[in-house]
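Okay, got some structures for you below.
Both complexes shown next keep chain A, but they swap its partner, so chain B is in the first and chain C is in the second.
Entry: the complex of A and B
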């Protein structure tokens, strides 16, 4: 090491000439090797001495020595997280040197950083294969208005129509989200999980990527009756004290359902229709557009297309919830509070409960200047029977009464 | 007669051959046309745009390279590199990778040694021109920031010593290469790399910091020199596997095509190179180097997670 760095400064020719000298010993093989090694060592030492003597102020050039540069101390003195952040900072400075890479499709960006409604262009939809319908023999003639033409035996969906319908659906999602509604994103085909979860995360909504259990809306109390619910205020902060009241409330229902594969979710869409819940669906050329309220004519078989659509709707929901929270910061509440909820009262004031309750109810119904609590979010509530809990039997009776009450059934009897 | 003359000069042939095939990948266009034009930028990789591109093309780098010298060192050479890279990566799964990631991947893959060379040269050359950028308008050479100056004084005792060491290292290297100023664990070091060697941490297999022709003192037989029980490893602290974690701060490109256009040696080969090196030292943009030193130092530096 020492020789190398010193020689660097002084020139290599001087070293090369004197370095290897012919052997002069003629003893046995082992002895000769040993003595030759000794000779070489002596020569090296003498050479070193010569050069060191010749160069008075030969300080070695500070060069990289991997063995000493990464000592254990320096390596582990930094935490892994620090090392990673440093690496990332360097990457951002030096990572894109060399050449410019032409814009290209990066699959992860659709899921990690989805496009917003403003980014919807015909080029994006075309690249995501949204225009590709099914074979012409499999079409649903109700979709004729969305079809541009036929190519290679399949129907081609008109992308302008797709874009227009997608923007409309995005507006619906945004508004429902702005008004604090429950948005449920449903995508039950394999591969749609991440898209659906990301959309729900962005819009502060809910997701479903496994089979929809039939009756979750029409028979909600049975299937979802034991799910935990909570009461939140206008800033989405949980409010304690409503546990008793929540115990006997009806199951929650979504205010908007976005379905990415309507062909496999007929039951879900039918239940929504029975209960006046608007639905958005990705309608392929073989799907029935009347199953949903707001169809988006597009290719439901392409994961890339689904990711674009779910991403756009998720971003719209994100925008809506941001508007809602921004308004809440200013004191403007964009939704009517939950019905039939009373403020959690003190135990001593139980005697005055009925009077207070009606007052509270009045205040609740006034809205803006009143308490701003709402169940997350329950806009269709049942009529509350004014029972107090005396024992467990009463509880059972009360539950039965609530469950079996005719107002729980949303199907209107037409005589 | 005129037509015959033009034919003999190959004018019409060239006109026919230069009709570009727009959507054909570069390797196919070579088969069809024979010798495709180098300046067809239809591939994935394109020549990066430097900040003062127009003024550089017109005037070169004032005080270092003439317009022709800049054209040779940057425009033509980067065009060649990007073309070759497009040919090498088109159709492969790594075709959209940036040169930095590509060179780290290929550094340990002997089958893709050529791709390493191309990616590394592109990265090194861009880094070199980035390090002398932004100084066209300024008449005086810039000075390093106080933090960087402190580091330099600690490791090299003064700026003049650093300059002497650096330029001596660059001059002593025979043939093409780069010389880097790198930061390692809060120390500043000089690192030479021959040919297309890279100083980056992950590409240490191809750092090429020694001239194999003259510095061959490492033992040929390295059996038993690795592992917990070996003599070499006894008593040494366990180092992380892989290269040293370096941050390059600045570099000089000592490839001949960069300086031979403008620095004709009058009294010998070394004089041309020496003059180029000294002029380059005055063109260093120390803001870039200082910024990189700061970036590599800050451990907690509020880095935004781009994936959340």
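Entry: the complex of A and C
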């Protein structure tokens, strides 16, 4: 817009200058100067008249409300309308000048509107530099099956593999958050904060962008014991009255850990492995894929790539939590009950309803204190008698039970 | 513990074992999920090149990745060998969508949305070799000439744009050479002031030396002269005492 108006202004000025130029050449004869000046003025006026004629300014412009408008207002509006029509005429004449910027990469879109698992394409991964590994001398040979080849001294990660592993990891995050699990997103490199927080926000999970305090899982009672815990129901609404029971409860553990920079977080991954917690990690060509359960071979040094991966996993978690809440709206509860949690209810209520169990799920939050983990258990209430009928998931498990001997015991344990 | 720690990969089996041995009361909620979506196979090395044993030697480098080679590579090497300063030009390597190169049509060297650079020559040369079946050298010459022409046109456009802007009252400020010359002038002025001061102080010192108090070099009085002569006389070189005293009070007053 600005460029167009500048072009118009300068163009008019240049035109005016052109008409005045003969002045210099005929400077010897005074009358010739006069005549040429008159000529050029005339030309200029005629040009202006042409422009005005071309524009539909000649048509009389009515004021906004002719009955109520005073004369002064109508004059003002007339001049405004005049200007507007002149602007329109100019636009129609010069509108197609200049360049048109085609859609281009905007770094904020990956954070504000991250791609979903369905949007993962090889082009997107290529543009976000997911294929660039490390120098060939730094490779970990365990990553041989993720590597496409060598280009200019660095290993190139196969993008098909990256996409496949990313989709698989997204599916895991989605399922875990559908089952109400605690998903912890960890990215402790500088610049990864916003991506990590956004992913946690989307998936209603937890984030860590500072240091992992060693022992937060293996020595959780000492490190996270003072952190706040709360009980929520299946619609994620807080339920009061569990404070005494939560007081001496063990610190919560995540059900799934997504680590965006495994090289710096070996302690975290080791603790997860010791405590039997599945992990998802971005594995560059110099990282060890056996540190994590679900590796995503990609470039962990590119923030754009990390934003894509965190965004995809966050979107997957969002889908899962939406599924969980939609099921809760229909009265279907998709997560197993918490152990050793009793509803603090009146005795007669407890008498009329069968004994209700509640499930505590935790939520690690970043807060002011030491590791800053708040814990937010979720309440699950279902009657024991028709447990499998209320819970669609357990219905599926019952079906599984007929097919699979392995789940047999699990069902018994749960019931 | 072996070399590898597979506990991260075996979370499902471990969870089952813990429940079986009654260490844990129930299976974790992800147990079925990890069963349905199992982790991929790790530590498997695909054979990437055929073994070519020479004599009795063992096949080697079978599992190492292969270099990726494109036909443009040689053309690129030639062009940038001939035009090394093309590499010094700033270049945007950011990809917009990953499909940026798909909109290019190398039947002409100029592409919308892509600044002309050495890569254009390479791609144009390859296109000429593939579509017009030109030999490599000829295609190189053709692409190169087009490149030079467009570079020349760009320079003309830049010059004309500058002239136009100046004629309509633009002011571009000082150029880098002018800024450099100004800094140099400043440094020179600074040095000149310093040098003038130095010269002045030197001259003042010298003048003070010339016109300073003269009575520091005292004339020997009669008695002192006699004493000195006596001292010298005592240390006549012929005698044993005189040998150590080289000169004396009269020679070194």
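Quick notes on this structure:
Just so it is clear, the second predicted complex is superposed on the first by the 243 of 415 C-alpha atoms of A that agree within 3 Å, B and C clash if a C-alpha of one lies under 4 Å from a C-alpha of the other, contacts with A are read in each partner's own complex, and residues count from 1 in each chain.
Here, contacts are C-beta pairs under 8 Å (C-beta built on N, C-alpha and C of every residue); 3 or more make two chains touch, one makes a residue touch a chain.
Everything numeric in this text was worked out from a predicted model, so none of it was measured.
In the superposition on chain A, A:273 contacts chain C only, with no contact to chain B.
In the superposed pair of complexes, A:104 makes contact with chain B and with chain C alike.
Contact with chain B, but none with chain C, is seen for A:95 once the two complexes are overlaid on the shared chain. In the superposition on chain A, contact of A:85 is made with chain B only, not with chain C. Applying the stated contact rule after C-alpha superposition, one finds that A:112 touches chain B and leaves chain C untouched. Of the two partner chains, chain C is the only one that A:150 touches; chain B does not reach it.
More residues of chain A lie in contact with C than with the other chain of the pair chain B and chain C. 102, 104 are the residues of chain A that lie in the contact sets of both chain B and chain C, per the superposition on chain A. Touching chain B in their complex are the following residues of chain A: 3-4, 8-9, 11-12, 16, 61-64, 66-67, 69-75, 78, 82-83, 85-86, 88-91, 93-102, 104, 106, 112.
The touching residues of chain A, when paired with chain C in their complex, are 10, 13-14, 17, 102-105, 121-127, 136, 141-142, 144-145, 147-151, 155-156, 165, 168, 171-172, 175-176, 179-181, 255-256, 269-270, 272-274, 276-279, 289-295, 335-336, 339, 397, 400, 406-407, 409-410, 413-414.
Residues 4-9, 11, 14-16, 18-20, 25-34, 36-37, 39-46, 48, 63-68, 94-99, 113, 167-168 of chain C touch chain A in their complex.
Across the complex, chain A is touched by residues 43-49, 78, 81-82, 85, 96, 98-101, 119, 122-123, 126-127, 130, 155-156, 165, 168-169, 172, 182, 184-185, 187-191, 204, 209, 214-215, 217, 236-240, 243-248, 291-292, 295-296, 298-301, 303, 307 of chain B.
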